[in-house]
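By written order: A, B, C and D. Residues from 1 in each chain.
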Amino acid sequence: MEITLVLGIPLLGGLLLALVGHRRWAPELNSAMSLLTFGAAALLTGRVIAGGPMMAMGEQFFVDSFNVFLVALTAFVAFTTSLFSRRYMRIEEHHERVNSHRLRLYHSMYQLFSFTMVLCLLANNVGILWVALEGATLSTVLLVSLYRTPASLEAAWKYFILCSVGIAQALFGTILLYFAAEKVLGPGGTSLLWTHLYEVRHQLEPTVLSLAFVFLLVGFGTKVGLVPLHNWLPDAHAEGPTPVSAVLSGLLLNVALYAVVRSKVLVDGALGRNFSGGLLMGFGLLSVVVAAFFLSRQKDIKRMFAYSSIEHMGIMTFAFGMGGPVAAFAGLLHMTVHSLTKSAIFFTVGHASQSTGTQIMDQIRGLIVQSPTIGWGLAVGSLAILGMPPFGVFTSEFMMLTTAMHEHSWATPFLLIALGVAFAAIFGKVQPMVFGETTAHRLPHPPALIPVFVHLAIVLMLGLYIPPYLVAWYRQAAALIG
Amino acid sequence: MISLEVSASPLTGSLLAAVSWLAISGLALIPAANAFIARRLAFPLGALVGLALAAFGLQAIWLSPDQMTLPLGLPDLPFHLRVDPLAGFFLMLLGSVSAGISVYAAGYFRSETVQRLTLIALQYHVFLASMAFVILADDAYLFMVAWETMALSSYFLVTTDHKLPAIRSAGFLYLLIAHLGAIAILLCFGVMHGGHGDYTFDALRAAHLQPFWATVAFLLAFFGFGAKAGMIPLHAWLPEAHPAAPSPVSALMSGIMLKTAIYGMVRVIYDLIGGVRWEWGILVLIIGAGTMLFGVLYALMQHDLKRLLAYHSVENIGIILLGLGMSMVFIGFGHPVAGALGLIAALYHALNHAVFKGLLFLGAGSILHATGLRNLNDMGGLIRTMPKVAFYFLIGALAISALPPLNGFVSEWLTFQTALQVPILQNSVVRSLVPLFAATLALAGALTAMCFVKVYGIAFLGQPREAKHPAHSPVTGRGGDAGEMERFGMAWLAASCLVLGLFPSSFLLMLNRICAHLTGHGLSDQALESSWLWLVPTSSVQASYAPIIFLLVIVAVTLLTFLLVRRFYHGRVRFSNPWDCGFPEQTSRMQDTADAFGQPIRHVFGPVYLMQRHMPDPDDPAPRFSLKIEDRHWYWLYLPVARLAEYVSSKIALLQQGKISIYLLYSFFTLIALLVFVR
Amino acid sequence: MTHLPGIAFQILQSLFVVLAAPLLVGWLNQCRAWLQNRSAPSILLPYYTLAKLFHKDAVIAHNASPLFRTTPYILFGCMWLAAGIVPVLATDLPFAPAADIIALVGVFALARVFSALAAMDIGTSFGGLGARREMLIGFLAEPAMLMTLFTAAFISGSTQLTTIVETLAHREFVIYPSLAFAAAAFLMVLLAENARIPIDNPATHLELTMIHEATILEYSARHLALIEWATAIKLFAYMTIGIALFLPWGIAEAGDWKALPLAFAVLAVKLFFAGAGLALIETVLAKLRLFLAPEFLSTAFLLAVLGMLTHFLVRA
Amino acid sequence: MNPSLASQAVNLLAALLLLIAFAMLSQRRILTLIRLFAWQGAALAISTLIVAYSTGQTHLYFSAALTVLLKVAMIPWVLHRLIDRLNVRWDVETLINIPTTMLIGIGLVIFAFALAAPISQMANAFTKSTLGIALASVLLSFLMMIVRRKAVPQVIGFLAMENGLFFAATSATYGMPLVVELGVALDVLVGTFIFGIFFFHIREQFDSLDIRHMEKLKED
């Protein structure tokens, strides 16, 4: 029931807004739909906490402790982002960067995007997951090019080509998976269902599965933004409207990573951990280090934070690669805090670039003078994302690092150096934007900053105190991932 | 959980104190009437809390350790709190010194705008609370959280006047180095942990390390905490950041925050790692001596008062490190008693430095408020406009110059006494090495005296150098001397300078208790049973010092002389212009400037500095002499590292050339490579 | 350890030092005059000068601060205190334990700091110049002094001047190489600290060269008298310290009063020769340029450190 | 039809598929490319039919029909219209010259076969070599996307890749579950339309479909 709601509302919203998305009150409708989705997700979460995992629609959809909290998180961030996009898009309209047609496209696609996200998370069928993930690309690609500027078109084109090609590899992986599963489960629908695959994962053919995992990793990894498959990410984040950047960083990457982890668990069953784990750790480490060094060269603010997303995805990938209860816990926690913090940062960044009329960091100065809330939001958000206590990002990084120190001590120097470099880079660029003589102007509409501080407050809380039920929840999920 | 039956215990007490600091900072956020709160209420309350904390700390020194856990933090690592004598001592330091500074701040910040003031009050008390938690923390996670929160809050305080580019860059450098240090500390915890148990300090204590890993942990801790303490070569942030902050904050940072780094060092090296080795001590001695000399030599070159004081903080950290190093050497060679003496000297100096450096920074703040000047070369004759500040500042200056009978002398005296214990060492090289460090300490002491003669003589004595002395302060609009609150704060610290200088033996007992608890050995009984008058480190035959008697005698004879002179000779006095050496046009510009005062030092220690001098050419109508002194460390350490990072990133940037075909190629190769790898 | 005769003796000795100090200066000047074959002034001249100065009216600059006026008394007090610590006639000084050699150096430093501050108080160009040079000499001489004292302290295993002297006086006569180094260093420090040639010339007022004199230019009358007197005491104290450290024989033991006269005689003889020697040095040496002073004193510092090292390496 | 015959037929079609892939790799003329793509789709459809017929997997008929509808009729028609409207006829020069590309392609085929060999052993009755061929054609299309410089051929390459995947799906495993195939088909369709939209946008921005205009976003 709840599952239908969670899936149905955004789909409905998408269709609805495709018709009325250009109206004056479309943004409110958008937020309302997102709110409803969030409510449904909350219900669903409640059900799962109470009654444990559940299936729906003939096993095509399922919820377990791993994906349910991601559903909740996704719905929540989608909702807050829609609140932010309300004001943001109004201001964009006021600056005449978008017209009503594009707004219609935007709103409808926004809903469809969140639909594909939850579909991806809830799908029990690997094929459907694949379809949904490709659908996510399709629904966002036109948003990335919403402004129709040369740069945005280029970004969108790269995004489209690279992600489609990548996802095609994932499809081949899926086929191989099916190929292997069919031998055990026999032909027909069931042999692509996660739930069934898990049960038989020890009997699956190792050679096929290793091949399949490679294809899946390359495919989904492209979407996660693992180096060297990451090249679409900074462009797409920098050129699209900021709400889109926020959901891309905050949700899409998470969901893609979710797919990777799911397939990892499957392959671990067949081949033992160190095969997939090794690959993930390698990709993760590479992403962290490379992204950290990219950071210091950025001129465009959104591009910089896009790279920081790559870095954090690398951290999570590394954590999941290490495996084990603590590392997996850290990975999940990091998923949560990163998507909250990063989306909050993008909210402030969006308003900052609106109030200064540019995304070039050298021209953004003294935000704190013009609008203290934007300034403080950006400063605090960046410090949080840099792993400064008492924010939650530090919590997960602490757990991850301490685990790495005695399980893979060779990796820790690289990680720490990367963290140091990233700190110097990001902080060195954020500080002058926040402080100093201002270049900002008043915004035509008041900025939407409640979402920012709500997110940051949650992250702060997670840094000092993780509620018990959340802990239990993470623990179950971690146990599931192994 | 916090249970009420132990609510009297120092641990709960200090926890409550820290929490109430947080509460005060929360109070400052109340939009309604936060003008009143921030202006009148916040800082005095903070001072009271500080006093309470000091009391609890003092109490904790004499009690056995006490632990508790809070239902916060990581799922399987809740916040652990612990108070033992060492923590108690530092809590007392934090509380008592911050009390004085807060009172001062209450007066000092009056003239700020409400918005800024609210912000300052908030960050200020978060800063205090985080320092308290650093000292209370008993597990790696809480420690790191408090540690970084401390860095963060102080960073925002430093950048209060963020419109000045210099201050921004100072803040950046500060937070960056602090963060790198924190990373090192985190790594150190990881090394100590060694892969079993959790991250409570008890577990870390219990973990047994190979000598190699112990040394690695030591190095990480030493440099991690050293970065915060401002020891070379990681000191570069300190002379930038401390002057940048508002003066009470500078006082907090120099006076207290650096000491938390010392606390961390002692806690980790003596307590958690344990098994101190004498080689470590040698390293600490070398770095300490270097830091000390570097600090004082560069201080002598400064003409910005607060910058000068900041460099002196570097120097004093060096002195503390000397004490620590000696104690490590002695302990490493199996002479815990002498080791205890060294540790006591170090801790005592930490306390002393907190007091007098705080006092000096407050004095500098008052000067800044009254005249708007930071450049010594423009000051002069302030003793006439602000006599009270001049008096307190004099006490501070004498104290930091290690002159008897004030407190600075006592701790340096103890350090010397430690050095004089070397005959008991077996290793003859080390035996002859340690006194050399004592020699450098003597040199540094004398140089400090010279530097503060310069500061006091230039700032307070003589005549105003530039005519731009405003009669009324540009900041407060109040002319002349500092206000009551300010004066009270300074008086508190000045009084503590005297007390620490005059009753050292009672503090010696206190510190001895700490050492006994930390290293298992205290001083000899003969040292302890001597009366409160006498400071006796080892035995009265070897050495003793009685500041009270000293003071009494010196006062007595001086008064006696005075009375005799008065009694037997007439007191006729004529006032006239100073003697002009037959050169009638004496202007105040002819006085020595701060830079001129440093000139002999530049001459003697020329190679130490990186100087750029501009000599005025002979037929220059308005001749100006300009001098720029730079820190060599920039050129051999900081800039190369920055360039390396820049180079690497420029190479990595070649990955991304915008060609979609290339990107596809990446994916392609990744795929192929992985497939090959799998086969 | 404190008992009445002890205290009585303490006071006696310090009074003796204070009163006898100008005599030493007089003797020094006399020797110098002879060596430079001038007709020597009376040996009591310093006393006359002091008396004359005490009778004059004090002239003080308008902008003199209280610090300026109290400094002379503080200086005098410091020196008096020093005179109380140094075992001149006997080692039975109940007050001595209150301040060991480190504190002694501290006292001298205190005096130096105050005189330098006073010099800068009026704000004439000479005052600053003098203060700067004074401190320059000071920061170089102080460590050297401390190191020489440490050498002695290491030998006798104590930093109490009285204890040091007792132990040194009680050993059979052997030349300690370390003590030899220390003695040389100490002599150099003595010359520097007491504004003697080759570092400074107490008899000059040439602004290019003067150091100590520049700091007291503004003083007159009784203030000047006190300062001069304090300087004399300082010289006396330094010489007696040197004597006590390097030729301590004949000094009276704790509490035996019969040895006192002998000790007194011995001291007189020692001072007689020491003064002559000092005068000789001052005559034969030429004054160094100001910037050779650091080299001179760093040599002293090195000698002192060398002495200490030899003590450890040679165990002697 | 007896299995051996069927398998031979399927293998023949597989070979055809691969051949067409090579042809596309070497072909410069866009119209021809589209035609080739259509042929590939036809071959795919036929092979699907055969598999469907000989294994009695009914839903494969459906997917065969889908293939014909989409890949033989619809998409080629759309592309045709597009290039008429945008009049881009030629993809003049490729990044790497054709012969080299062919050599690389042959290398890829060998690699693909080597990779698929162990799996093919366990493959079902009569489609032993098909998996390798499918993988090979996927890689070839990938290569094509890399070397082409105009937007349209890149897209055709992408669609050809989808063909290869479909072929793998149908022949190696008797087709994915229907819902999946539907989804995939939907994505392909939507994707093509979006590509179409893009062509116009790109065209109006850069008045050319040459992707060398789109190399502005980079690190410098």
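Keep this in mind: a residue touches a chain if its C-beta (ideal position, glycine included) is under 8 Å from a C-beta of that chain, and two chains touch if they have at least 3 such contacts.
This is a predicted model, so every value here is computed, not measured.
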item: Most contacted chain pair (by C-beta pair count); value: B-C
item: Longest centre-to-centre distance from chain A, chain (CA-based); value: C
item: Centre-most chain [mean C-alpha coordinates]; value: B
item: Distance from the mean Cα position of chain C to that of chain A, given in whole angstrom; value: 79
item: Rounded Å distance, chain A centre to chain B centre (Cα mean); value: 44
item: Mean-CA-position distance for chain C and chain B (Å); value: 36
item: Between chain D and chain B, distance of the C-alpha-averaged centres to the nearest whole Å; value: 71
item: Sequence positions of chain A contacting 2 or more other chains; value: 157-158, 161, 165, 211, 234, 294, 297
item: Residue numbers of chain D (touch at least two other chains); value: 115, 142, 145, 211, 214-217, 219
item: Residue numbers of chain C (touch at least two other chains); value: none
item: Interchain contacts (touch definition) - all pairs; value: A-B, A-D, B-C, B-D
item: Chain C to chain B touching residues, read off their complex; value: 54-55, 57-63, 65, 67, 73-74, 76-78, 80-81, 84, 95, 97-100, 102-103, 106-107, 109-110, 112-113, 116-117, 119-129, 131-133, 135-136, 138-140, 142-143, 146-147, 150, 153-154, 157-160, 163, 207, 217-218, 222, 226, 291, 294, 301, 305, 308-309, 312-313
item: List of chain B residues in touch with chain D within their complex; value: 653-661, 664-665, 668, 671-672, 675, 679
item: Chain A residues touching chain D - in the complex, by the definition given at the top; value: 60, 125, 127-128, 130-131, 134-135, 138, 141-142, 145, 148-151, 153-158, 160-161, 164-165, 168, 171-172, 174-176, 178-179, 182-183, 187-189, 192, 205, 207-208, 211, 234-235, 238-239, 294, 297
item: Residues on chain B engaged by chain C in the complex (per definition of touch); value: 380-381, 383-384, 394, 398, 401-404, 409, 413, 416-417, 420, 422-423, 428, 431-432, 435-436, 438-439, 442-443, 445-447, 449-450, 452-454, 456-458, 461-463, 534, 540-546, 549-550, 553-555, 557-558, 561-562, 565, 568-569, 572-581, 586, 588, 590-592, 596-597, 599-601, 603-604
item: Chain B-touching residues of chain A, taken from the complex the two chains share; value: 157-158, 161-162, 165-166, 169, 210-211, 214-215, 217-218, 222, 228-229, 231-232, 234, 279, 290, 293-297, 329, 366, 368, 383, 386, 388-390, 394-395, 398-399, 401-402, 405-407, 412, 416, 419-421, 423-424, 427-428, 431-432, 434-437, 463-466, 471, 475
